[in-house]
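In the two complexes that follow, chain A is the common piece, with chain B as its partner first and chain C second.
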Partner chain A sequence: MKKMMKTAALSAALAAGVALALPASAQEDSIYIPNLSYRTGPFAATGTPLMNGQRDYITLLNERDGGLNGVELTYDECETGYNTEKGVECYERTKENAVVTQPWSTGITLQVLPKSNVDEIPILAPGYGFSPMADGKVFQWAFNPPSSYWDGASMILKHISEGDLDNLNGKKIALLHLDHPYGKEPIPLLQALAEQHGFTLLPIPVGLTEMQNQSAQWLQIRRERPDFVLMWGWGAMNAGAVTEAAKTRYPMDQFIGIWWSGHDGDLKLIGEEGKGYRSISWSVPVPDSQLVQDIRQYVVEPGKSLIENESELDSVFYQRGLMISAMLVEAIRAAQEEFDTQAPDAEQVRWGLENLNMDEARLEELGATGMLVPFKTSCADHTGHGGAWMLEWDGEKFVKVSDLITPDREAIEPLEKQEAEAYAAANAPWPVNEECEM
Partner chain B sequence: MLYRTAGQFKTSYAADHALFPVRQDAILLGVVLILAFVVFPLTASEFAFRALLIPVLIYALAALGLNILTGYAGQLSLGTGAFMGVGAYACYKLITLFPEMNIVVAIALSGFFSAGVGALFGLPSLRIKGFYLAIATLAAQFFLVWLFQKWDWLYNYSASGAIHVPNISMFGITVAGPRAAAITQYYFVLAIVCVVTFFAINITRGRIGRMWKAVRDMDIAAELVGINLMRAKLTAFFVSSYIVGVSGALFVFLWRGAAEANLFDIPLSFRVLFIAIIGGLGSILGNYLGAILIVALPVIISAVPAMLGLPLASATVEHLNVMIIGVLIITFLIVEPHGLARFWAVIREKLILWPFPH
Partner chain C sequence: MDFLNAIFVQPFADMAAAPDFLLQVVWEGLVGGVLYALIALGFVLIYKSSRIFNFAQGIMVVFAALTLVGLTEKGVPALLALPLTLLVMLVLAVTIERAVLRPLVNQPDIILFMATIGITLFLIGFGEIIFGGENKVMITRELMIPTDSITLDLFGGFVSIEQKDLTSVIGAVLLVAALLLFLNRTKTGRAIRALGDDHQAALSVGISLSTIWVVVWFIAGVIALATGIAWGARAGVSFALEVIAYKALPVLMLGGLESVMGAIIGGLAIGILEKLFEVYWGQPLMGGNTEAWFAYVVALIVLLFRPQGLFGERIIERV
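Presenting the complex of A and B:
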């Protein structure tokens, strides 16, 4: 008993000590890049390749170039399991020295977004988060390059209507989406476009608990016979949807996913039967690019990567992870050059993200020609709206089947502005960057 | 020796029925309160406030609410998460409809919404009990979460379906919303938790509490001695849901800052139920001990490898964390099936007798 008490007291003291003295100390000669990763839980299958890509790009810079302009980049993961509660905990844990927050879930983004003005750490949410974040005047600290969900929705419609949305008149489009802030993102825009162009929108939510069993949803699809099914799915939901679509023999060429629903692993489950499935994407795997060769040479071969087999290297998601880190590193580089400092702070990195110029020339210098849509951000435009390509599953892998598609910004902008203003009003006092010219 | 009761004589019934018949208990509580009110705020970092102290208090409050229903009145409930959601959404609607309303008033009122809904879903308890009642409350869980998703008036028609806490100030200090300081929020939560706990202790010790316990131990016998079962069960649902609703409002307004319907789904109900069971059903202290074990310990464990400089990947730490907490829960339940509160009671009894074995 006495011994037990002693252990109890000791562990309590230790626990209290740990708890009160947590965050690690800052280092002058490195840049701290935390990432709220998820390699566990129901979304791990899609999260892991992305995280591997992000991690390997940073490792490559440290190994090949000795960091970024001589400063080491410290990449650190904090595991969230896609759980918003854990996400906020991780945000608090890493924020002290962080130059950026990568929340990696629309739910976590929505949680940390209001804090961004107070803590003054930029949020980088490439291709996810809240679409109105594109409005840089209102969302000074949030960035979602190179395309937002509303851009994505607009581009998919543009592609399936062959350029003119009026061709969709009288058609029925189902939106199979995760019943979560992420899945609900495109609904306001799609509804507005449906009214404008005379097509019927049929949102079909998939609850978090029924991701793997979508028979009810696909029964509804079979009954309603929509002309197209768009999918905003993630994690286990993608695999569930494509297998169910194959089972119910839904024509794959009428089934189109957002960029997070184009994961090689999910489609490999059905292989040939998935032929014709399309996914819009702002990144394309280019297996023989200089960058991927360097990754192979400096990261994978010395055993410094966490990838399980070499084939992962050529997957859409792994290479997208590379591109996400590339965007971030380019922003840090821009901040270094502008402020003439080795280790820029969060505020300076914010400037870098706002003045990011990923044009074709820059991508070529990085050895990443054709891997990412070219885009450019500004203080008013935090997305860049670089557009995307359409990828199609050929039975073995995703291949690019379209030229660059650009979103119909004229239809999106008013809605974006309206939602951004509504957000700022609901969260008053919310500082707006008035200096910025549109 | 520390707990020597020799020399503490009771000369009246009132003294014998005091909250702390043993003086050392009062001293111990004083120490805990000083820790909570003075020492922690002085030493804790923002991370400690936001990831440890505030959530432990809020989860403990939710478990306290559930414990009144399950531990004191013996009615099993699986709908705690949804009742927390009712409190949270009610508070959100009150704050957005009446922006000048004081947040304390809004939180106190939102408890009544939850209490009303709780009492309504408690009606089946008059006819069914045990696991069957658990299924009925499970229906409440599914129905309410569905309602939070589908009834867009609840979240003011926001596109994402999530609610956001605006900046709310009280007497010139921002207490909720993104601009609120962690220490202010901590004191706010602590004050409410202390007040509610004080009332909960007294209710459970008094006439109503005894009525609940009689119903829990044997409802037929309780009815025979003249207890109105309907009143006993419905008051239990009402009081329990009130506290749960308040904790739900605090959960979103003083801690999370934003919430979507899925947050209040069944995993939250189970989490609160685990806290209540591991802490000890039918005890107030147990809720706090349970919350420390379930909520705070994983956060602390995940920080240990980094502290010791072990190069473990974050995902590995997470896996280890789940295993360690699982093992701890099983160990505690084997060592003391009646929960941590009972564990503490055994220690205390031994201390009173110490150094004698019997």
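Presenting the complex of A and C:
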């Protein structure tokens, strides 16, 4: 009952689009971590487990360890509904005293990006946002670890071409994508690689109102007969696409999604029919990890989690949410140590994000062995480019079916640099950190 | 020249070259159109009886579908969950009439419209509390809706028909037929039409406004449930179902806000036309996703010539 009341209070606040009644101001004994989340609207199904994971990781530290090095972490959600305008409002509402902002949408990230230099609040956009944000010289306040969308596109192509993109010569690759900044993000790189390696790229956009009725898009796939379909889908689009793929009898082993298109809940809709569908992912659920056991003991069992049922704990998205908060906390921890302060400010946390070292040893200390690709950021590299694994739906759950795949950085870097410079020129005067060494 | 060829020749050549594919496109358009028509009917019924543009119709689809699935998740047998969901929709209709509409009688239309936005926000929050935001599987098999597909070998190719889509179409046709019978052959149905024709005259002959509102909102709830089952069977049940209500707006513009026939014909026309346009013109010439705007363009063209829509009532006011 207590849990339901708590859930009720949270949900009502979210539905009304207001921030939770948590303290919005930082105190000396707390660190304020806002999250521009979404638990309502067309994207709630995919947003909710991620937010639950993020929230539960912070709750775990507060409950098990009494916070981070003795300081309470104040986690605060502001509901955006994945709407860019609402996201910007949420950013403005939560930026005072925030040590970080987590926009949770490529559209919102693009809007907040120019403000980051002025407000001096680091943007943490793990695995999303504008891919050239990897260039830390240009985007001093933006971070998208451990892999960018362009890394993702490169790794998928590497996987389907068995390591040599020239094997794709003459093939046709469809990109089924949400008609939104997020969905369009991989297109520049894929176009460049298509020209370079001789394959045909066929972008197929899916509008918001067509997410659940993609028959036209799948009729196009039936007509064009692409050799592979890549998916940059989100929210209800993922479920709509896998349902239509099964209906169209498109071979599931030729259908591969980015990491946001690998949600257990979406594939459960078609179960066995989805067998063979793959999704690249920089996180993997490890249900028996020490971290998950601690979450169960300190957060779920005492009724402090918002998860609907315990099976959510083992899902890809929930455990990715845990890892996203782990990255942020490790950055704050690094800042605490570097600046010898309990409550680092936004600029100090920016340093922490720039000096993240999530290697295997550190992941083991966190009880998260195998849950996240190891990576390291630097002043010049705000992504880390840790790579990813390929997950495959076995009819009931996603399982890891590949060794670590790494992006072809040689192919990506020139475009990344070019786009970052173009962004800086278009938004001049844009400060560039020339002290960073590439 | 190539451009003109791509507009006026190539699409028809493609249709003639692969008639099985054309039939598949028309079938998919028909299924979509039937479902658009169902949503539009919910809007029309409420508008006809109360002059309220019900912004909450989309969230009612979500709420009805989530209630049905949620009850079965709690262990209620599917065939019992169905009438129980209808009961919930009846309670919702009574509550809306008592708590929202009755206190706002005689208020300007815009106030009532804003009230339906309030209902929408309430149902989003309330639904989130009760059912959560996760995508849920529609209880298709439990409702005895067949889920296999029929493959017809035609014109050297094939047309694939999902049995659940076929069931949706048949179900929608039966529902609309029952609705038309109800509106034309029953006393309550005639009262609804009377209210739609002339509010004051209807009230003066003793028609109870509050009863009719409850009946109409309940019927809109039944339609929402049917729509929720049909769409939910295609891609799961989640709050994303709400956005499909936007597809009904051009249908209403095309068919007219007061016309049941307009909603049906408008829905079917837009469903089929937008699919044909997308596949044969939109994808090759414009990169696709023309369904997002095509229906509005058709509706606007119709409005240029018939501002009241194809079947709407022409209003002549003496000055």
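To be clear about the criterion, the second predicted complex is superposed on the first by the 413 of 438 C-alpha atoms of A that agree within 3 Å, B and C clash if a C-alpha of one lies under 4 Å from a C-alpha of the other, contacts with A are read in each partner's own complex, and residues count from 1 in each chain.
Note that a contact is a pair of C-beta atoms (placed from the backbone, for glycine too) under 8 Å apart; a residue touches a chain by one contact, two chains touch by 3 or more.
The model shown is predicted, which means the values in this text are computed figures rather than measured ones.
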{"item": "Side-by-side fit of chain B and chain C on chain A, or clash", "value": "clash"}
{"item": "Touching partner for A:268 - first (chain B), second (chain C), both, neither", "value": "second"}
{"item": "Which of chain B and chain C A:367 touches, first, second, both or neither", "value": "neither"}
{"item": "First (chain B), second (chain C), both or neither touched by A:217", "value": "second"}
{"item": "Chain B versus chain C as contact partner of A:45, first or second or both or neither", "value": "second"}
{"item": "Chain B versus chain C as contact partner of A:179, first or second or both or neither", "value": "both"}
{"item": "Which superposed partner A:419 touches (first chain B, second chain C, both, neither)", "value": "first"}
{"item": "First (chain B), second (chain C), both or neither touched by A:208", "value": "both"}
{"item": "Chain C-contacting residues of chain A that also contact chain B", "value": "15, 39-40, 179, 205, 208-209"}
{"item": "List of chain A residues in touch with chain B within their complex", "value": "1, 5, 15, 18-24, 37, 39-40, 76-79, 81, 84-85, 88-89, 92-93, 96, 106-107, 110-111, 114-115, 117-118, 130, 179-181, 184-185, 187-188, 205, 208-209, 306, 419, 423, 426-429"}
{"item": "Interface residues, chain A side, partner chain C - complex", "value": "7-8, 11-12, 14-16, 39-45, 47-49, 179, 203-213, 215-217, 219-220, 222-223, 235-236, 239-240, 243, 247-249, 265-266, 268-269, 308"}
{"item": "Residue ranges of chain B touching chain A (in the complex, touch as defined)", "value": "43-48, 50-52, 96, 149, 156, 158-162, 164-167, 177-179, 256-258, 260, 262-263, 265, 296-297, 299-300, 302-304, 306-307, 313-315, 317-319, 347, 350"}
{"item": "Chain A-facing residues of chain C, complex", "value": "18, 21, 24-25, 28, 31-32, 121, 124-126, 128-129, 132-135, 137, 149, 160, 162, 231, 234-236, 238-244, 246-247, 275, 278-279, 282-283, 287-289, 291-292"}
